[in-house]
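Shown below is the structure under consideration.
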Amino acid sequence: MKRDEVNLNLNLIDRMPTGIPGLDNMMEGGLPKPSIILLAGDAGAGKTTFCTQFLCKGADLGERGLYLLTFGGPPDLLFKYASSYEFVKSAYFGKEICYIVLEEVVEEACRSKEILEVLEREIDALQPARIVIENLSVLGDILKDDYGRFLFKLSHLIKAKKVVALIAEDSETDAPYPAPIAQVADGIILLQNDEINFTRRRSIEVLKMCGTSHHSGKCAVDISVKGLTVYPGL
Amino acid sequence: MKRDEVNLNLNLIDRMPTGIPGLDNMMEGGLPKPSIILLAGDAGAGKTTFCTQFLCKGADLGERGLYLLTFGGPPDLLFKYASSYEFVKSAYFGKEICYIVLEEVVEEACRSKEILEVLEREIDALQPARIVIENLSVLGDILKDDYGRFLFKLSHLIKAKKVVALIAEDSETDAPYPAPIAQVADGIILLQNDEINFTRRRSIEVLKMCGTSHHSGKCAVDISVKGLTVYPGL
Amino acid sequence: MKRDEVNLNLNLIDRMPTGIPGLDNMMEGGLPKPSIILLAGDAGAGKTTFCTQFLCKGADLGERGLYLLTFGGPPDLLFKYASSYEFVKSAYFGKEICYIVLEEVVEEACRSKEILEVLEREIDALQPARIVIENLSVLGDILKDDYGRFLFKLSHLIKAKKVVALIAEDSETDAPYPAPIAQVADGIILLQNDEINFTRRRSIEVLKMCGTSHHSGKCAVDISVKGLTVYPGL
Amino acid sequence: MKRDEVNLNLNLIDRMPTGIPGLDNMMEGGLPKPSIILLAGDAGAGKTTFCTQFLCKGADLGERGLYLLTFGGPPDLLFKYASSYEFVKSAYFGKEICYIVLEEVVEEACRSKEILEVLEREIDALQPARIVIENLSVLGDILKDDYGRFLFKLSHLIKAKKVVALIAEDSETDAPYPAPIAQVADGIILLQNDEINFTRRRSIEVLKMCGTSHHSGKCAVDISVKGLTVYPGL
Amino acid sequence: MKRDEVNLNLNLIDRMPTGIPGLDNMMEGGLPKPSIILLAGDAGAGKTTFCTQFLCKGADLGERGLYLLTFGGPPDLLFKYASSYEFVKSAYFGKEICYIVLEEVVEEACRSKEILEVLEREIDALQPARIVIENLSVLGDILKDDYGRFLFKLSHLIKAKKVVALIAEDSETDAPYPAPIAQVADGIILLQNDEINFTRRRSIEVLKMCGTSHHSGKCAVDISVKGLTVYPGL
Amino acid sequence: MKRDEVNLNLNLIDRMPTGIPGLDNMMEGGLPKPSIILLAGDAGAGKTTFCTQFLCKGADLGERGLYLLTFGGPPDLLFKYASSYEFVKSAYFGKEICYIVLEEVVEEACRSKEILEVLEREIDALQPARIVIENLSVLGDILKDDYGRFLFKLSHLIKAKKVVALIAEDSETDAPYPAPIAQVADGIILLQNDEINFTRRRSIEVLKMCGTSHHSGKCAVDISVKGLTVYPGL
């Protein structure tokens, strides 16, 4: 288990570097470990790129990563899309980094318990340090009243397995992030791509990060073939 | 299968030219292939014109195109409307480009499986490279809880058939595009016709395009008998 | 069938003059024929006056017109109200122009099929070139899930009978026009009477018109005993 | 039946003076007769005062008036409140002007037919020229799906009895007037008491008046012991 | 029964002084009697203080007062909170002023009739001139469809007992006061504590007061150990 | 029972210091005792830090504290997060301050009575002077119609046990605090982290505090390893 030592005299919380240049020093060296981090933003704001950088950084450090999609695929196409970024090493995929599409599981299972069992089995099999979950909120429609309990149990599973889980979700019409997931999240990061005077301006903001003195307010973000890069001001 | 070679050293994703002057060089030469592209906008913003240009461009290149309407018609009237544009060659219709009205299928079928089977049969019969689907969200009211699953399965079908599907949808009262379709879309393009100081200004914006470095922010659009033309600024 | 020849070299679509001074040359000589045109606006914006002008223009040209109300009446009172306009010739009413109140039909029929049969019978009996339908959206509450199908079938009926149908609807609280009717409309015209600095300003806008190069943006409208008159600017 | 002769050469519609100084000459001499006029406004905007002036003006002219409340009372308290205005002559009440509280009828009847029969009986008994109905929309909760049909039938009753009915309703949170009543109304008048720079400013506006060239935009209103007085500008 | 004689030549309506310095001369000497007055405002706007001043003023004048809470307590704690104000005389409580918590009654009774019987019994026992009811709208959730009828009957009870009832309610998210209670209220008073340029400004406004020429627009309010004091301007 | 004597001549209400530098002298020395205080704010506004300071201040004064979470944990991770603050003494945890996760109780119990019994048992066992409850509103989904009654009973329990309960809740999309809890709260404190010109500004505001002359308007707040510090202005 890698330990980020920068803030040792401040607290005992392990830190995991995100792989996003400029982001880790906004929050005492990285994401607290273990933790559930909600990454929210509009379509096109850069969530998938963020998640891919996060897993590739882990692979660079020898950590295994699990990319869970509630639906989608096929994995080879996802990899093809991802491979347009410079930081993506094709050797990682299928080895350090595994894409798993949960669609079939979700279709068959209709109770939170079964989905959690599949998740636990996959985690136990790969032993990842980093997990990405895309569009978890799709399960809200399927699990209905059982969704709240599912999120609580998922939170316990992530903590018990001592991993950092990044949950990537679309912003909603009238709220920047889905409230049910925010309730179980230890940290919330917003990616935005707001229209200002008819142009778009990308920004990132650490809205909440448990046990962490984090930067307050938005920072500028650039997306290129190098992925996301965070700049100090706006 | 035509390959757009411009960005070969950047990535391996095939590109399909849209036929809209000025648009393709906003996104590395065209739409990724295969992909589902959501084209959203208010009534009168130019969605049907965009779709017709997209299919006619394909026909110019020798690609077959399928224009699927969830309701509407009759096809000869649709062609009559379309024929007011200069880029429309009447010889294409019924040959390279086929209009198919799904209304009867939709009325009889009430499960996603049956609709998907009809779609697959039509795709297998015509072997199109380009597909347009208008007002797909009408199926949300009919399929209800089955709609989410339908969209996931449709996504798999499009990917398996290696086509580019353009899904044209009306903007909603409080959201620029329908969220369920956005969740399965590889790209999102917005057409707008906003009122600014009591005049209308047309614009286009590539909000998201998987595996693609795309232009950020709105560009001006003109609609004439030549169809849509995109201009670099606003 | 009268043919408006102005745009013959542009396209082959028949045009029907609206009878509103200044409006037809905003859209290549008139409304496309056949078509369903949605005329939306707030209470008091001039929808009924527009519809009456439309039918009287037809009567001037020897075309028969059908004024369908989903409820209301009695017809003699409606005529009395209409007769305050100079363009209304009392001789037309009951002959070229017929008011039909659908209230009883709607009360008895509770399926779209029966209402469509009555509509078809009335159209076949009068052989109108122009139809006005007021407050069609009232049927949404009555037909419920069957309403969408009703609108699609109505659209086919209008096209098959080769008439122009003007559907006059109130704007809704949070949307300028009712979305379900917009989905089957070939054109959308908005009448507004907005409050600006505590005075009201009337405007008209052609938001969409299939197969037509139409004027973009709002134009000023005046309502007097001559009915609506459209002015080029605002 | 009194005839307002001012606009005889314009149209044949009878006019009924409102009794509000300054209002009648905003709309060709008064309210069209017969008609249903929706009077909408926030609490405290002056609706009850308007209605009382309307009935007292009728009594001055020898016309009988019916003041229908869907709930409330007791009538002697209502009269006591009303008697603070100079234009109220106590002799009218119980004779030319009758208060009728419908609460008991509404509680017992739960179908529109029964309520309409009571209304018709009361109208036939008193033979009023003017009717006020307060808070008619309360019946929406009671009649539910039958409410729309009730309003259509009420509209026919008012027209058949050749009276002018003034329906006073509270504005709603997100709309200036209740849409279902607006659909059957021949005219709509808004009373407002808006907050502007922390003071209240009273205004009146004729939003719609069938068969009538009416003043457009808001006019200032004063409420004193003389009741409402309308001033030309704002 | 005390009579406020100031406006005798204007009307015959009894007036009851509120005990709020500066408020009575905004509305012809006080609240009309009998009447239901809705006092609405956000949490912390001063509603409870207003109500306590109202009852203590009555006690000063020898009138008994009833403070009804739909839930809460215990009464000795409520008195302890109230006793921080200078105008509160501890001798009044339990004698001239009685706190009654309706929570148990409401829990057991589930129909409006039973709650009204308890209210009538309490009124008959204490013979109050002034009644305060806090959070009456809680009954809306309990009585559901019966709530409207309950409010009408409560209105009749208050009028029959010839008391002034002050109903204190929280403002709602999107409306300054609860509409169902406003429908039966003879007067509406708003207390606000709006944020303006990051500071809070307290204000009071008489929005409606039946049979009363009242001040229009907001006035400034101060809350101190003397309770609310109203100042003429803002 | 500690008594804060500062305002003795003003009233008899006990005061409990919050432990937040600068906050107590905004409200006569502290929170009234006993009381329920609603602490509301967006994710990341500092609610958990506030609550931890509140309990540690109590521990400094020899008072026991109970930290109730409706879900979450595990407690050792919560303590690890908390330990990044200077004011947290590790010796307190498990002794003066106990974390209790109610998740299992809530899952098994589905009626308010059972949850209240567990709460009472825990309070009787630890005899705390201070209680924190996080995310109480989660119970709204579980208890449904029983939630209102639960809150009333909880209010009685807190008063009977003579403790101060701090209820920490997320702000909602369209309201700064959850209305049902506000209805039973004796005080409301808002923590905000608003975006102003693309930076975040932290503020605190005492919106309501029963029996207390409190500061009105927002004050600036800083969050550091010393926890929250309140500054007089903004």
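General observations
Think of it as A, B, C, D, E and F in the order they're written, each chain with its own count starting at 1.
Operating definition for what follows: contacts are C-beta pairs under 8 Å (C-beta built on N, C-alpha and C of every residue); 3 or more make two chains touch, one makes a residue touch a chain.
In this text, all values refer to a predicted model and were calculated from it rather than measured experimentally.
The mean-CA centres of chain B and chain F are about 53 angstrom from one another, to the nearest whole unit.
Chain C and chain F have CA centres that are 61 Å apart.
Mean C-alpha positions place chain A and chain B at a centre distance of 31 Å.
Shown for chain A are the residues in touch with two or more other chains, namely 174.
Because contacts link each chain to exactly two others and close back on themselves, their graph is best described as a ring.
All chains join into a single ring; listed from chain E onward through chain F, they run E, F, A, B, C, D.
Contacts from chain E toward chain D in the complex involve residues 10-13, 32, 34, 145, 148-149, 152, 155-156, 159, 174-175, 177, 179, 182-186, 188, 203, 205, 207-213, 216-218, 234. Chain A meets chain B in the complex at residues 42-44, 48, 71-74, 77, 80-84, 103, 107, 135, 138, 141, 170, 173-174, 193, 195, 198-200, 202, 224-225.
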